[in-house]
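Take a look at the structures below.
Below are two complexes that have chain A in common, paired first with chain B and then with chain C.
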Partner chain A sequence: MTRIGVFICHCGHNIASTVNVEEVVEYAKTLPGVAYAGHNLYSCSEEGLGSIKRSIKENDLDRVVVAACTPRTHEPLFRRACEQAGINKYLFEFVNIREHCSWIHAKEPKEATEKAKKLVAMGVAKAALLKPQTEGESAVLPAAVVIGGGLSGLAATSSLVEQDIETHLVEITDRLGGLLCDVTTVGPEGKDARALIEEMVRRIEASPKAHIHMKARVSEVKGFIGNFEVTINDCDGPVKVPAGAIIVATGTRELVPTGEYGFGRYPQVITQLDLEKRLAKGERPNRVVFINCVGSRQPGREYCSRVCCNVTLKNALKLAKASPDSRIHVIHRDIMSSGIAAEKLYKETSDSGVKFLRYGLESPPEVIGDGDGVKVLVFDETLDETIHLEADLVVLAVPMVPPDDSETTAKLLKVPRDKFGFFLEAHVKLRPVEFATDGVFICGSARWPVSARECIWQGMAAAAKASIPIKEGKVVIQAITAEVDPDKCAACGNCVLACPYEAIEIVEQDGRRAAKVNEAQCKGCGTCVAACHNDAISQKGFTSNQLTAMIDALVKSALEASR
Partner chain B sequence: MTEFNPTILAFCCNWCSYAGADLAGVNRLQMPPNVHVIRVMCSASVKPEYVFKAISQGIDGVLVLGCHIGDCHYLTGNHRTAKRIPVVKKILKDVGLDDKRVRLDWVSAAEGEKFQQVITEFVNEVKALGPNPLRGVRM
Partner chain C sequence: MKRAVVIGGGIAGIQASLDLADRGFEVHLVEKSPSIGGHMAQLDKTFPTNDCSMCILSPKMIMCADHANIKLHTYSEVEGVSGDFPKFKVTIKEKARYVDVTKCTGCGDCIAKCPVKVPWEFEEGLAQRKAIYLPFPQAVPRKVTIDGDHCRMIQSKKCGVCKKVCQAGAIDYDQKDRYVEVDTSAIIVATGFELMDTSVMSQYCLGVCKDVVTSLQLERILSASGPTGGHLARPSDHQEPKKLAFVQCVGSRDSHTHGYCSSVCCMYATKESILAREHAPGLEATIFYMDMRATGKGFQEFVSRARQNYGVRYIRSRPAKVQSPEGGSGVLVSYETRGLSGESVTEEFDMLVLCPALIPSKGAKELSKTLGIDLDEDGFIDTPDLARPVDTSRKGILACGFISGPIDIPDSVSQASAAAARAAELIEGGDR
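After this line comes the complex of A and B, so read on.
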């Protein structure tokens, strides 16, 4: 027989003003397997935890049930207290009688008390069947792979090698720097893009920990956090490298316009990156019309590409300054240039004589051929008339889109993408730059179009997060993983298909085939449990007999209450 | 005769619906005290047997609450729940029970009000159905 200790928390008035705590304590004493029941004013306080620990010793308890608030916040605290008193921390069960009872039935003290009793009965029933567990640990290889040698990938790599972490940088092209290779200056401050890249590459190349793979791509990723095996294909053929973590920095590319505004028909109509290349050669055309939001912020591609407005502004300003008789027009839908430096850039551009004209989605400008040049017809909303602008060059601000192989990358790493094809991080606010898949991180424009500055931030952030398990050298695996009873397993493979993490495989053991769970890969969702027809697979801490015992306890206590 | 007071069981996934229930509590959203939550890690781990066991023993209604489709903490777990629970309901119907005794819904961690609404609606629905005919029947 078990010796369960039940501790009902008053939580000051939070529980006790609605639920009759003493009544629940007396009820708990009648439950099977309960050796002790008591109450605390605040169970989570130093005093409360102390009294639980003392009670475990004095009453020789072997399991603990605390009925208080939510396990989502307080479970680790009580588990630790159990451990300190010599009870395995997995022999603890939490019953929520605050969020799920006293707070939501504040005007029904009698009913709330009855409900609390049932919830406690359910918790006690489960606790009786809990088993001690040991948390697994999985070693983390002291190496990382960064996919993509653009600015964010370089920032991540340089941060990793500076921390003395063996890092493989995989770049698909023959040059490092990504999109920035074709850009003159970055940021409203106008920093030289090439110098920025060269400085980073120099730092990386100086480290013996850096391994740069050029004209290479990742062709296979196996394993899990701490123990990935990444196959890198370069000109020397495939090479398998071990890694504790992987950073995705596959970046972005410029959308190729599909004939909008005469692109492809008139040589004068070019994209922003084309203009950057011309500026790099020293070209400074006089009459230039910029058209913003070409192919973005419209049905089908609703997002704002975020960087194009600032790029338009810095180049418009550059051209306006180049010659006193330049005529530069920016045709836009809205100017998105937030931030102190960008706002200053907008003001300066505006003051420099660059004319801004606004168009609506329903009345876009028109580009027509005009002898050697082109003419842009734009309906000015303010003047309420169509304006004709002669131009030597029309520059289209097209959005950044995911690279063509982003789907392949997503499949390789089993990470999600949004409807536009950009990668989705685990949680924008709670887990930025992390994928939901442990050990895989994301940074830069592969996630969403970002500025050079943000690429560096995110690259460094991803490197910092990736270095946590690497520096710890191990990851702890919560003991809620699935386990297989090979005697019951028919090796049907249903669980293999059900597992979202590919943590289960059918293996041959002692001459028979059965499913086997890789603990380090298992996230403890229990999906496989419900998929098994033979009841051969169970989840620690959420076993079928534990959950059905809870159902039985509810039935029993409801029956008693109705008498 | 006293008013019928149903006993209801709810399976809530740890990441969304359980957190949504917590939020309802934090916001002191009042709801009928008939529902008893069992926390599971993912709604996809709820075996049909649990639902049948509860209903066959006289529990008046069972709720299975998970993350919204696309938001599952375990990537695609709730896709399975979405397919499984309709089958569970069909089986209930086939054996002559009202399938409204089982309800599947999605409640995110941010949807305390949705939790309150689902609980209130379901309790009222089950009240309208009356006691589970299997109540007190020895299996």
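After this line comes the complex of A and C, so read on.
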């Protein structure tokens, strides 16, 4: 008979204000195989974890069930506590009575308590059948691949090679620096863009560990964390590069306006990047109207592209300073100059004589032809009337959008994108430069439009993350993977097709063909188990008999409750 | 062993420590208060996903405490730094907590019996703690601390109750400050921010009008583990407000106080509005703002959702005056509406939330002198080189998180990882 310990968490008021925790504890004590049941104010606190560990020893427990919040954030903590108390960490079962119960049934405390009991009964039934598992180890190749030679990719590469890590930088064009190549100065500080790129490239070129692949693209990615094989195609043909980690730094591009404000009709109407090119040539037009949020912050493309306001401010100030009789107007919806340097730039720009006019989505400005020039008609909220501005140039601040090949990159690496096509990180708050896929990292404007400074630190951050497994030299392979019973396997290949991680192949073993799971590549998703016609694959920690036991426990508990 | 010192145990310091420790370096994490966690521990939810703040932070705190490569120095301060890169010697003062942490089990018997009550920092003064206390339930490490300034035994040798009830024998009234020296080649400063004291701006009535609170106080009121158990109640009469207003840029974007933008207030006010409405269905929230700065991933959509699904009213105006109505509950807010036809309006709200300027944490100036690094004119740590964005003015000393300028949580986290990368470069690569 097993000796299961059940710990019900109050989560402060999060669970306890809805679920009657003490009642669930008393119920748990009646369940088969349960040797101890108790409760904690916060099971995840040091106190809570300590009490679980003590209880394991005092009650000689061999299985642990915690009914609390979500395994996504907290399972590693409890598994570790079990391990520290001498129980194999896979003999731990997590029951979610917060997200799955107290939070969604906040107004039905009685029913929520009953549901919590059923969930606990299911967890206990499963726990009784859990088996200890051992985790494997897999070696990590001491090299990295960085895709994209813009600022964030340069920063990532620079940091990796400065940590003595062999790094392949893959750039699709014939120049390093990405968007910055077309920009005069960067940041509110006004640093020379070319000098910045040169500094980064110099650092990289100084290292024998750096390999730069120009006019190259990644055509295939095989493998898994620690053991990727990346095919890089350049003018000399394909080369296969082994890598322990991959960093995505594919950047962004400027949206091409679709006729807004006379773009394409009047040559005077240009984008911010167009202006940058003209500024680089030394052009300093006198009468310039900037229109911000063109094609962004509106239905269809709702997001704010973060960097455009500061680019507008920087260039408006540059033009205002160029000539005492310049007339520069910025037509905007909100000025997004967050922080210290940007807000200072905003103040300096308004002090320099640049006029700011605010428009609403309901009354956007209008650009009309006026002889050889153009005029901008804008409703002035302060004057309560429409004013006319003559302009030599109208500069549209259009949002940054993902590059055209971002879908291809996503498919290549099997990483997700958001609804706008930007790459989706593992956790928006706490894992900003990681993908959910182990060993693949993200930085810079491929994730979200960011400033030069942010590009650099994110590139460094991705390098920090990539360097961890590479320097460790090995990664732990989690034990919750699929396993094949070769005696039942018909080698039909259904599982091979179903596996989203390319972790299964049909191999010949002892004279017969059968499916084989590469445990390092398997994510334990269970798709293959469902696809198998012969019941030949099972998933450790989620076996059929464990799941059946959970269903039986649910039915039993429901019948008892209805009696 | 290769070593780094991280100063500040908020989310930035925690992340930098974890990355360096995972990378194989020994990390000494120095935190001024009795527990790591920083401001993120006080937040109810985080924007724009409304993830529970403590739920995502607490595992990281525990990982820090459990990590074989991390040595936590809580209730400690960096007292001195000698030497230069790559050989710094850092002196850490571990302040006397009058408790033997090797014996304390965190059972709380002493807290229950302590007769002295003082305003609770973690609850932003909305509740009281004892003179012997745990800063908050999920504190790491879970060890009690005696607040020597308020303990009767420490002050006048009259009490001793905690020592009597402590079965572990952990109380030690004679404990002295301890000094620890650590040799290191890299120091990361991540000492964060604090709220400007906006009670000095008398037009906003904070401290005079009971129902004017700070945004961090509201965060505690909204928190299920907070002083009201998550019940939205205004301070004057503990009633649930029906009309709630926020004032943005209180003390920031203001040439008389702090010129800069604090970066996070537009979004957290939006978040708090949504949460308040979820706590009190039918509640009407109004946000007085200057520019609605929603520049991060999912931020603009979050604001739209607040507007459309939660009826949050955004008014672009800066209230000029806040008064207490007769009877003492609620607030009267005077503001101008826009345009030529704009007029002065005085509107009554049940409760007003100020979003104060976020300023460098206390002691930043002294610490900068100790470390020999420059501050910018606003008192944040200067990181002047765009190409080395976490380097301070002194080689080998790095900065990340809010102390190097206003920044939100994900940016603090990525910047902390960047600082870890830079520290690794410096420790391993030598003088580059």
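Just so it is clear, the second predicted complex is superposed on the first by the 401 of 563 C-alpha atoms of A that agree within 3 Å, B and C clash if a C-alpha of one lies under 4 Å from a C-alpha of the other, contacts with A are read in each partner's own complex, and residues count from 1 in each chain.
Methods note: a contact is a pair of C-beta atoms (placed from the backbone, for glycine too) under 8 Å apart; a residue touches a chain by one contact, two chains touch by 3 or more.
Everything quoted here is computed from the prediction, not taken from an experiment.
Trainee: Can A:I340 be said to touch chain B (first), chain C (second), both, or neither?
Mentor: second
Trainee: Of the partners chain B and chain C, which touch A:P432 in the superposed model: first, second, both, neither?
Mentor: second
Trainee: With both structures placed on chain A, which of the two partners, chain B or chain C, ends up touching more residues of chain A?
Mentor: On the superposition, C touches more of the residues of chain A.
Trainee: With the two complexes superposed on chain A, say which partner A:R80 touches: chain B (first), chain C (second), both, or neither.
Mentor: A:R80 contacts chain C only, not chain B.
Trainee: Thinking of the overlay built on chain A, is A:F356 touched by chain B (first), by chain C (second), by both, or by neither?
Mentor: After superposing on A, A:F356 lies clear of both chain B and chain C.
Trainee: Applying the touch criterion given at the start, work out whether A:R453 contacts chain B, chain C, both or neither, answering first, second, both or neither.
Mentor: second
Trainee: Across the two complexes, find the residues of chain A that touch chain B and also touch chain C.
Mentor: Residues common to the chain A contacts of chain C and of chain B are 70, listed in rising order.
Trainee: Of all residues in chain B, which touch chain A in the complex?
Mentor: On the chain B side, the touching residues are 7, 9, 14, 18-19, 21-22, 24-26, 28-33, 36-42, 44-50, 53-54, 57-59, 73-77, 80, 84, 116, 136.
Trainee: Residue numbers of chain C touching chain A in their complex, please.
Mentor: 11, 15, 19, 22-24, 46, 48-49, 51-52, 55-60, 62-63, 65-66, 105-106, 137-142, 224-225, 229-230, 253, 259-261, 263, 291-301, 304, 338-341, 376, 378, 380, 386-387, 389-390, 405-407, 409-411, 413-418, 420-422, 424-425, 428-429, 432
Trainee: For chain A, which residues are in contact with chain B within the complex?
Mentor: So the residues of chain A in touch with chain B come to 70-72, 96, 98-101, 103-108, 111-112, 114-115, 118-119, 122, 416, 436, 480, 498, 500-501, 523-527, 529-531, 539, 542, 544, 547-548, 550-552, 554-555, 558-559.
Trainee: Which residues of chain A touch chain C in their complex?
Mentor: Touch residues, chain A against chain C: 11-14, 17, 41-42, 44-47, 49-50, 69-70, 73-74, 76-77, 80, 159, 162-164, 186-187, 189, 191, 196, 199-200, 297, 302-304, 306, 334-344, 347, 381-384, 418, 422, 427-433, 443, 447-448, 452-454, 456-458, 460-465, 467-468, 471-472.
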